[in-house]
Structure formats: C-alpha cells, structure tokens
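The data blocks that follow each hold one structure.
One chain, chain A, links the two complexes that follow: it is found with chain B in the first and with chain C in the second.
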Partner chain A sequence: MSEWRYWFAEQKGTLLALGIFLVMFIIYTSNHPAGFTANVVQTASNKGVLLAFVAMAQTLVVITAGIDLSVGMIFLLTNCLASWLVVGGPVETTLGVIAVLLVGVLCGALNGAIVIYGRLQPIVATIATGAMYFGIALLLRPFPGGSVNEDLADALTGRLFGVIPASLVTLLATVLIIWVPFSRSVYGRAAYAAGSSEVAAYMSGVPIKRGKFLAYVLAGLLASFGGLFLTFFTYTGEAAYASGNAYTLFSIAAVVLGGVSLFGGRGSVIGAIFGAFAFRTIGDLLFVFDLDPLWQPLFQGVVLLLAVSLGAFALFRVKNRLEWFG
Partner chain B sequence: MSDTVTGGDTVSRMPKFLRRADPAVATAFACIIALLIFGSLYSSSFLSPEYLLQQLKVASFLGVIATGMMLVILLGQIDLSVPWTVATGAMMASAAAAFGPMGVALAIPFGIFCGMMIGLVNGIGVAYLRIPSMIITLATNAVAQGLMVVYTGGFSPQDSASEAMRYLATGSLVPGVPNAVIVWALIGAGTVFLLTRTTFGRSIYAIGNRERAAYLSGVDTRRIVMITFAIAGGLSAFGGVLLAGYASKAAQSMGDAYLLPAIAAVVLGGTSILGGRGSYLGTVAGVILITLLQSILSVMQMPEAGRQIIYGVVIVVMLLLYGRAPASR
Partner chain C sequence: MDTAPEETRPLLHMQGISKRYGGVRALEDAELVVHAGRIHAILGENGAGKSTLIKVMSGVVAPDQGRIVLDGAEVTFDSPAAANKAGVVCIFQELSLIPELSVADNIMISDPPTRFGMIDRRAQRRIAVEALARAGASDIHPSALVKDLPLSRRQMVEIAKALARKPRILILDEATSALTAADVSKVFDVLKRLRSEGLALLYISHRMHEIAELADDCTVFRNGQKIATYKAGTKSDNEVIELMIGREYQNVFPPKPAPNAAAKPILECRGLTWTDRLTDINFTVRPGEVVGLGGLDGQGQRELLLALFGVLRGCTGQIVIDGEPVRLASPAQASSGKVGMALIPEDRKTEGLMLPMTVRENLAFAAMDKVSKHGIIDRQAEDRLLDEMVKLLAIKTAGLEIPVGALSGGNQQKVVIAKWLMRHPRIILLNDPTRGIDVGTKQEIYQLLRRLADQGAAIVFYSTDYDELIGCCDRVLVLYDGAIKRELVGDEITEHALIASALNIDVAEAAKMARANA
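This part shows the complex of A and B:
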C-alpha cells in the first residue's frame, strides 16, 4: 500500500498534466463541429506531437537543472535540412533521415560540450548556439521551399488501421526506445541526481558529467525528431525566426504544465508530453468557440502566465521565510 | 594555479587604474580596438569621426535596453520579455501621439509607463510569487505580444512617432553629437550613480550575491527586486520609444533583434550571469563591441545567416575566454 503512495507522489505532476489535458480535450471535442471523429483526433495529435517532441527535448535538459533555449532552433535547422535530404527512393530517404537525426545529435552535443565542459551558463550558451543554428537554417533555406518523400510523410502523419493516428504511435515508440532506457540507466539517474543536487551527486560518485552530456545529446536528437515531423506535415522547410522562438517558449510552457520542476531533478518526459498536448488543445479551444484568431497569442500568453503562477501556491506551505530565498 | 602568483606580480607593477580594471572589461575594450583596426583595413572611412559617431548613435539604442538588462542580471535574474516590451513601448508611445496635443506631450512618458507595468508584473512574479525569472518574463513577453497583436490587428500600426520622439532619436542638441548618445550618457550616468552611490544599488549587488544574506541583513529584498524589474521594463520601453523615433514608426517584432544583443552585451562586459558582479563600464564596452561587430558584418555585406552564425560563435568564444564558471572541484 505504501509503495503506491510513493508512486503517486512521484507521478503527481504527470497525473495532473494528464488530467488537465483530458478535461481540455473533452471540452475541445465536444464543442468541435465534427465531434469526436478519427479525423479530428488525427489533426489534433499531429499538431500535438510536434510540440511534444520539442517539449521532450526540453524536459531532458531541464531535469539536469539546465535550460535549452536553442531547442526551437534545432527544430528549425533539422526541418530545413530534412527538406533537402529526405527525398528520393527508399535508400536515399533512409540515409537522409539518419543524416538529419545525426545533425540533431551534433547540435545537442555542441550544447552539452559548451555547457558542461566549457562551464558556461546554459541560458547564455544556448541562446548563442541557438543563433548559430538559426543562421545555418537560414543558410540552408533562405526562402521557404524544398520537398520531402511524400509516401513516408503521409504514412507517418496518417492513420493506422484507419483509426489510430500514426504520429501518436511514433511518439509512443520514441518514448519506449529513448526515454525508458535512458531514465532507467545509470546516466539517466545521474541526470536526475545532478539536477537535484549536483554536489551530493558528485560526492556519491555519480557520473554527473556524462549523464548531463547524454541528456543534452538526446535533447538534440528529440528536437530533430520534431524537425523531421514538421517537414512531414508541411512538405517544406522554412527558417522562420518567430516560429523557432515560439517553439522554444511553448516547450517551456509544456514542461511547466507537465509538472517538471524548472529547478531540476523532478518530473518526467511523459508529463511534458501531456503538458504539450494540453497546451496545444488550450490554444485550439479558441477556434472551436469561433473567436477571432487575433486573440490566440493573448489567450495563450494568459494561460501560460496563469500556469506558471500556479507554482506560487507552494509558497503557502513554506514554514520558514528564509526558504523563499532558496 | 602557478600563473596566479606571476599574474599577481605583473598586476602589482601596473599603474593603479590598470590594476583596478576588470580583466573582462579590459578584454572587451581590447576587442573593440582590434575590431576598429580590422575595420579600418577593410574600409578607410571606418575611422572617420562621422562614422564612429553614427556607430555610437546606433549603439545608444542597444545601450539603453542593455542598461535595464544589466540591472536585472546583477540581481541574478534575467529578463526575456525585452522583445515585446520594446515593441509595446514603441507602439504605445506612437499610439498616444495620435491623441491630440495632450497625447503628443505624454507620448514618451506613456510608452515608458507601459514598459514599467510589464516590468512590474515580472517583478511581482519573481519577487513575491518566487517564479523563476526566465519563466515569468517569457510569459509576460507572450502576454505583451498578445495584447499588441490584438491592438494592432497583427499589422504594423499606422500611427507615427511624435516630433519629440524623432528629435530625441535623430536630432542633435549639441552640434555633431546625436541626441541619442546624450540620452544614453545621461541614463548611464544615472545608473552608475544608482549602482555605486545609493543603498538601493548596493542592495542590488547584495541580492545578486546571496539574497538570503541580504534579507537577513535587513534589506527588503523583495521590494528591491520588484522595483529593479520595473526599472528594467521602463528602460526597455524607452529603448523602444527611441527606436520608434529613429524609424519614425513602430513595427511588429521590432524588439526581436534586441534580446540576444542586450544579454550578450551585458555578459561580454564581464557582468556575471549569476549576479552580484559587474560594472557599468563593462556593459558600455559590451554594447559598443556588439554594435561594431554588427556594423563590420554589414559593411562586409555578410548575409543575415552568416551574421547570426558569427554572432553566436563570437559570444561563445568570448565567454569561454573569460566567462567560465569556476571548476566546482
């Protein structure tokens, strides 16, 4: 019985995110003119999965008590690269996908190397590398364009057996292949430990540096998954500064909604995925209620502001005033 | 660590003003000189007084914004709401200018006031609700963007800047010296006074070093954090007002190009991103350095993509030179 209590305490953030998402999604589908159909679910999941990949990337870094302000730009860069490389026959396409993912890994590794071995603050370092990645993206695609292997794109954004959105299945597979082994490995535990208390982790002989480095590398990989999927949805590559910034911002919002602590050491990728879905659904609520799309940025901003202010309730539980100043 | 000993020897033999100089600030000024030499090799007009004054004028917009950023970074926080605070200041000031003579007179104060309100929300969030500054300022940035999109309908507003705004940004009271440079000098002088001669300024440094210790020493840390964020918001908006005067109108996303340079200028000037350490002289050096770099890249007709890459590389390399955290063990 008590084991359940521990499990519940650990998963509280994730469960809360799941709850918010379910409520929002029920409101969304019940007011949608088409109702709860496979089509509506497919569109919603396609949009949600894009943000979910970027949010997963952000989560890995946030768990180590860092932040990656370049995820949106890695996402753009891999999108632009995929619009060049993921074309042609099956062999070429496969090689293209591998190349795109490799570039994502490289971007993540560069971030990790600068932050961990260069000992720079993650905020400044990733803003700077983000500028580099955006520059390269712009070099690749000065104007929106390009193409993608449409068979693969349609297969991954369509439906399996006519019901299940393929993008959701891909997301699930990514979680099983990347997140589950990572979080159970020594390095995954090291990433958590480093985020929770780096000094204590160091004293306990945990491989912090390698754990954190792996977290940054996997973050780059996950962001490139997002970039690939963006190419599959749009069939083009575009280096739009505003969109890269928006994805970085939304990924942080999704992480916060998903119950991942920005101080590190707490939360999971699963929570961030539900956070991403919830955030997307909230943004789309405006459309089903037929409001002016001009209000969408304001609405999303206010939701974000409220979501981050919710954390302030923890202050009421603080017994010693000094704990305010961490 | 043998070079600290020899380093100490050389340092003690140097004249006093050099000994007191922060190595980061010295590096930044050395880089400015290197850039000027490099630029003059490229084009002979690079060292002409007109060109340099023009650069200072362009730098002053960034300088005003970076001043606010520096105050916040000294606290150990960061202000990511700069892009839309700049745009809000510019748009609201231009909007006020369209409301008759009263509006024209109040345009500049109104723009700054709007920025201070955004800063105040940031400050309350950071100081009283204890939300990490990176998060709350991103959120207020999104809200400010939302408000401006609703207000303008998603297009660049038609209102144009008032005469006073244009005069501040492009005129020159003293012949030869642009007004914008004078404005920056005044704000800079005010900031130096605030930081070095007032309790408020010393408290900012104290909070940046260790907020808990500052609180136990009797400083009302939360009030000071809140006020500092409000000042930073006001300065960002003032930067926006100047920019609107310079371009004679406000534009969507006009502030996007100022977030990264502002942070870079402050950090390159030797201010610790963890707070508590840094001088205004360093920020001035950082601002001039960034502006010169941008200017040289545009003189070389480097496309936007190349500029972004060089920009990122320069910031990372310079920080690796002197902005590294101490090895923890």
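This part shows the complex of A and C:
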C-alpha cells in the first residue's frame, strides 16, 4: 500500500497531464462532427506528434535544470535538410534519414558542449545556437520547397492495420528505445541529480558532465525526429522563423503541463508527451466549436494558465507558509 | 586494539599538507596519521583547518603541497569519486544528498547495480534496505524522496549511503549534529562495529562528550597546523579546550542572574494548537528571561517557534504580547515594531542568509528603515550601523563587500544574529543557533544572549545540545509529542532531568537506568 503511495507521488505530474489531455480530447471528439473515428484520431496524433517530439527534447534539458531555446530551430533545420536528403530509392532515403538525425545529434552536442564545458548559461547559449541553426536552415531553403520520399512519408503518417496511427507507434517506439534506457541508466540519473542539486551530485561522485551532455545530445536527436516528421507531413522544407519560435515556446508549455519541474530534477518525458497532446487539443477545440481562428491564441493562453494552476492548488492546503517557497 | 598505533603501519599518512585560499592560509605543513581499526577524533575551532584537511583527503580540493600515503603507496585524488574508489568516503557536514531522488537512488548514486546497462532497481533497493539496516535506520522507506524527509532522517540516509560504498576510511564531519539522541546512540553502535571490522574512522565533532565516548586517538588542529595527537582519555576536557583555543579556558557559560518574578511577561502563549504537531501549549516569558525548549528532536519545538513567528497557518489558541492578544499572520507582522519578534532560523543557508550576496547587503535588508529617509538610503548611517554590528558580534570578515557564503559557519551565524539585532527585537526566538559552530563562537553567542536578556529581551531558545540548555537557560520547557511535558526551573535543569522528561519517563526511573548503565 505504501509502495503505491510513493509511486503515485512520483507520477502525480504525469497523471495530471494525462487527465488534462483525456478531458480535452473527450470534449474534442464528442463535439467533432465525425466523432471518435480512426481518421480523427490519426489527424490529431499526426499534429500532436510534432510538438510531442520537440517537448521530449525540451524535457531532457529541463531535467538538468537547463532550458533549450534552440529546439524549435533544430526542428526547422532538420526539416529543411530532410527536404533535400530524404529522397530517392530505399538506400538513399535511409542514408538521408541517418544524415538528418546525425545533424540533430550534432546540434545537441554543440549546445551541450557550450553549456557544460564552456560553462555558459543554457538560456544564452541556446539563443545563440538557435539563431545559428535557423541561419543554416535559411541558407538550405531560402524559399519553401523540396520534396521527400513519399512512400516513407505516407507509411509513417498513415495507419497501421487501418486503425492505429503510425506516427503514434513511432512516438511510442522512441520512448521505449531512447527514453526508457536513458532514464534508467547511470547517466540519466546523473542528469536528474545534476538538475536537483549539482553540488551534492558532484560530491557524491556522480558523472554529472557526461549525464548532462547526453541529455543535450538526445534532445538534439529528438528534435530532429520532429523535423523529419514535419517533412513527412508537409512534403516540403521551410525555414519559417515564427514557426520555429512557436515550437520552442510551446515545448516549454507542454513540459510544464506535463508536470516537469522547470527547476530541474523532476518529471518525465511521458508527462511532456501528454502535455504536448493536451496543448494541441486546446487549439483544436475552437475548431469543433466553430469559433473564429482569431480567438485561438487567446483561448490557448487562458486554458494553459488554468491547467498550470491546477498544479498550484496544493499550495492552498499548505499549513506551513515556508512550504510555499519550497 | 591494544596494540600501540605506532607499531603498526598507518593506513593513511598525510604529510606536509599546505593549502592557501587566496591570501588565507587554511593548512600549513599539516600532518595526520590514521590507523585501521581505530576511531580518530579531530578537534579544533572553526577555521582551524579541519574541513580543508578532510576536503584534501576526500578529493574535493587539491593541496598546494604535501603527499598522501594510503596503505604505503602515495596517492592523489582529483575528485571525490577517485577518493571513494580508493575507499576513502566522507560524510560531509553539508549534506550531499539529492533532494528530488529517492532514498534508494541516493544510497546507490555513484555506483548502482546495473543489468543490460540499465539500473537494476530491484537489486538497488535490496542493497539500500541492507545499508539502511546497517546504519540502524530501517524506519526509512527506500522509495521515499529525500526532500520529504526531516533533517535527522536525511543524515541517517547519508550514513547509509557511505556504508554502502564499503569504505576503508570513513570520515564523519559533524555527522551527528542534526541527529536525535536516539539516532546518535544507534550511530555510535554502528561506528563501534565498523571499528571492530577494521575500518579507520575519522570523527569530527564539536561535542566533547561524543568524542570522550567514541575516540581512541585524538588530534588537535589550530591555525592550519597539527598541535597534538594523543590517546583518548589522557587529557582533561579543559586541557583539550586549551589546546584548541590556544589560551586559558574560562567558563563557557555566563552566570545567570536571579530571576525577577515581578516583571510582567512580554510573551504569553495560551492553548496554542496546530494540526497534530502542537497541542495546547501554555507558557509565559518575562523580559530578562532565557527560556529553553528541550526534548528529543522533532517533538514540536521548531513548529512552536514557527507558530510564534507567524509562519504556520491554522493555529488555534492565543498569543499575547504585553497583555494584548495579537494575531500574527506573517513573519513581517511578528517582526513589526509593535511586536518586535525575531527568529534566528535553524538553516542559516536557506532561511537566514542570501549566501551569494555581500555581508553589507545581507545586513542592510533588515535595517533598511533605520538608515533611510523617505525611501532614500543614507549610506553613511548604514556604514556606521553595520560597522557597529560587525564589531559588537566580532564577525571575522575581510570587509562588508565579501559574499556571506565565503565566511566560516560561525561567522555566518553571527551575521544572521546581527541582522536581527539591528531591529532591536524584544522577543528573540532561536532555533538551534549553535549547530555546527566552534566552541569559541558558541561561547560568544551564549554571552550575547545573556547580555540581551539583561537589557530586557525575552529569549526563547531551542537547542538539541543539553549542555547549552543547562548552561544558558533560566527555565526549560520540555516538549514531547507536541505538548509541554515538564517545566524545569533553575537548579532543576540537570542532564538527568532533561533526558528523563525528554523520554517522558520518571526522573527516579531515569536515575536507576543511569546507574544500571554505569
């Protein structure tokens, strides 16, 4: 029994994010003209997966008590790159995909190297690198264009067995292949430890630098997953500055909705994924209620504020005022 | 164990260690010889070089000069991890636990068991449970988050974590200062067992009776140098303290004046109750009185101070100041001029000071209204006031523009006290203010408290150190399970009576137990 209590306390943020998402999604589908159909789910999942990947990337960095303002730009850069490279026959396409992911890894590694070995503030370092990544993206695609291997694109954005969205399956596979091993490895724990109390972690002989570096590298990789998927949906590459910035900011919103502490050391990628889907669904709610799209940003902001406040309700029950600041 | 240590090869020999921080000499040609199977106490005032010596030994700082010989071979440790690998494990005074991780994660933080490259949580948990049991702390759940544990439990986790690393040399730096009396005796049993298993233990503590009970050898440091090494029990407490402070030792505690029963109480507590942690607390404090809060750690003493200071919500009962019932809903109200309360907090690092900010900034916050007119700060008045405070408390600092974090623990605590004294409080609440502070500074704090009381302040003083309660207080309220179990006045305040009422048992029975133990 008490074991459950500890598990619940640990997963509270993730469960809350799941709850918010479910409520939003039920409201959405029950008011959708087509209802809960494979098609509606597929569209929702395809849209959500993009932000989910970027939010996962953000989570890894936030866990180390950092923040990555370049994730949106890595997402754009890899999109532009994929629109050049992920084309042609199976061999060419495969090599193209590998190259795109490798660029994501390099971007993450550069961020990590600057923050960890150069000892720069993450916020400053990633603003600068983000601008660089966008600059390269712009050189690659001064105008929207390019193409992608459409067979692969359709397979990954379609449905498996006619029901399950393939993008969702990819997302799940990413969680299993990247997140689960990372979070359970010594380095993953080093990332958490560094985020929670870097001094204590150092004194305990934890490999903080390698743990943090790995977190940044994987963040780059996950953002490039997002970039690939963007290419699969749009069949083109586009260096859209506003879109890159929006993804960066939305990823932070998704992370907070997902119960990941911005102070570091707490939260999981799973929560951030639910956070990302919940955030996307908020935007779609307006569509089913047939409201003017002009209202969307205002509405999205209000709902986000309410959702984030849910986590703060616990503070009203606090009897010792010092806990407000803990 | 009766072999004279000189005849066996030392396990660890530190030779000619020197270390400077900027212009400050922390260690000068220091020497230490440690033998397996013995508990070696290191004594010295704060700033004597003990902490630096330990940091050198455990790989936190690199010495400027000197060599470390471990088991006959010279070693250099470039990180705590390297020292751990060689079997030198330190339990630091500043906790090295990671708050957001679970107890089990923390115990196995540096070298967890893995399977297929991933941490094997089941094995980790098993080892953690064993380590907790070895440390005598089986009551701690391995899945609990460290940040949810009280200080004394965290310290036990810290000890379990050190044990799980299978050390050959275990260093305890003020490791018992946060522990309850019951835990201390458990830890002592553990340490004695480890000694019989052949470990070398280095024990740093400011509590003389702990050293008397545990140590086989003692080394005294002063001003960064080794002053003397001797077998435990061959010197009296007074001789030891003279070695430490390098001058004649006077009585630590100032004399207590005769109580003034005629004075009207400043502070009165009527039926104060808060959740299940405080039950029906009634007491009064008159000006000029030092009232101690005693009892085992965690029996509601801290909560009582916080409740008085307006930090706790949902208190029932009355707090009466100068005969008038008041409602204190925040520290700002409690410390306002009319009430005039001050709380010297337990954790000076988070509740008392802003470490990265300078001495000036830390002090000036508290006295802003005293040195400003119409919102504009009079820099000269501020300088005068701050200089006066630094002198009054003999704060050892290279200047007002030094970050508080760079001062020693004792001097940091003086800054906290100075901060509050500048507001001329009439009611001073102290939450274990001398934890981890050297003898010299403690003595200064005792004298300061008595002086403030003589000037008419009412003082409520919580301490985990019985000697302090006996030496400083006119009366002691002993708390047990959130209620006042006994009030000891004047000569009634003895170690026996304190312990007996802390454990909520009969005094006669306690005396019997003491005899049986002796």
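Just so we're on the same page, the second predicted complex is superposed on the first by the 303 of 326 C-alpha atoms of A that agree within 3 Å, B and C clash if a C-alpha of one lies under 4 Å from a C-alpha of the other, contacts with A are read in each partner's own complex, and residues count from 1 in each chain.
Please note the rule applied: a contact is a pair of C-beta atoms (placed from the backbone, for glycine too) under 8 Å apart; a residue touches a chain by one contact, two chains touch by 3 or more.
Nothing here was measured: the structure is a model prediction, and the numbers come from that model.
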item	value
Partner chain(s) touched by A:57 [first = chain B, second = chain C, both, neither]	neither
When both partners are placed on the shared chain, which of chain B and chain C touches more of chain A	B
First, second, both or neither for A:138, with chain B first and chain C second	first
Contacts of A:181 with chain B and chain C, given as first, second, both or neither	second
Touching partner for A:202 - first (chain B), second (chain C), both, neither	both
Which superposed partner A:241 touches (first chain B, second chain C, both, neither)	first
Which superposed partner A:309 touches (first chain B, second chain C, both, neither)	first
Chain A residues contacted in one complex by chain B, in the other by chain C	199, 202, 322, 326
In the complex, chain B residues that touch chain A	78, 125, 129-132, 134-136, 138-147, 149-150, 153-154, 211-212, 215-216, 221, 253, 256, 260, 263-264, 267, 273-274, 303-313, 315-316, 319-320, 323-329
For the chain C and chain A complex, residues of the former touching the latter	60, 79-81, 84, 92, 94-102, 105-106, 109-110, 112, 114, 117-119, 121, 141, 143-145, 147, 161, 274-275, 306, 311-314, 330, 351
Residue ranges of chain A touching chain B (in the complex, touch as defined)	67, 114, 118-121, 123-125, 127-139, 142, 198-199, 202, 241-242, 245, 249, 252-253, 256, 262-263, 294-302, 304-305, 308-309, 311-312, 315, 322, 324-326
Residue numbers on chain A that touch chain C, as the complex places them	2-3, 6-7, 9-10, 180-181, 184-186, 189, 192-193, 195-197, 199-207, 261, 265-266, 318-322, 326
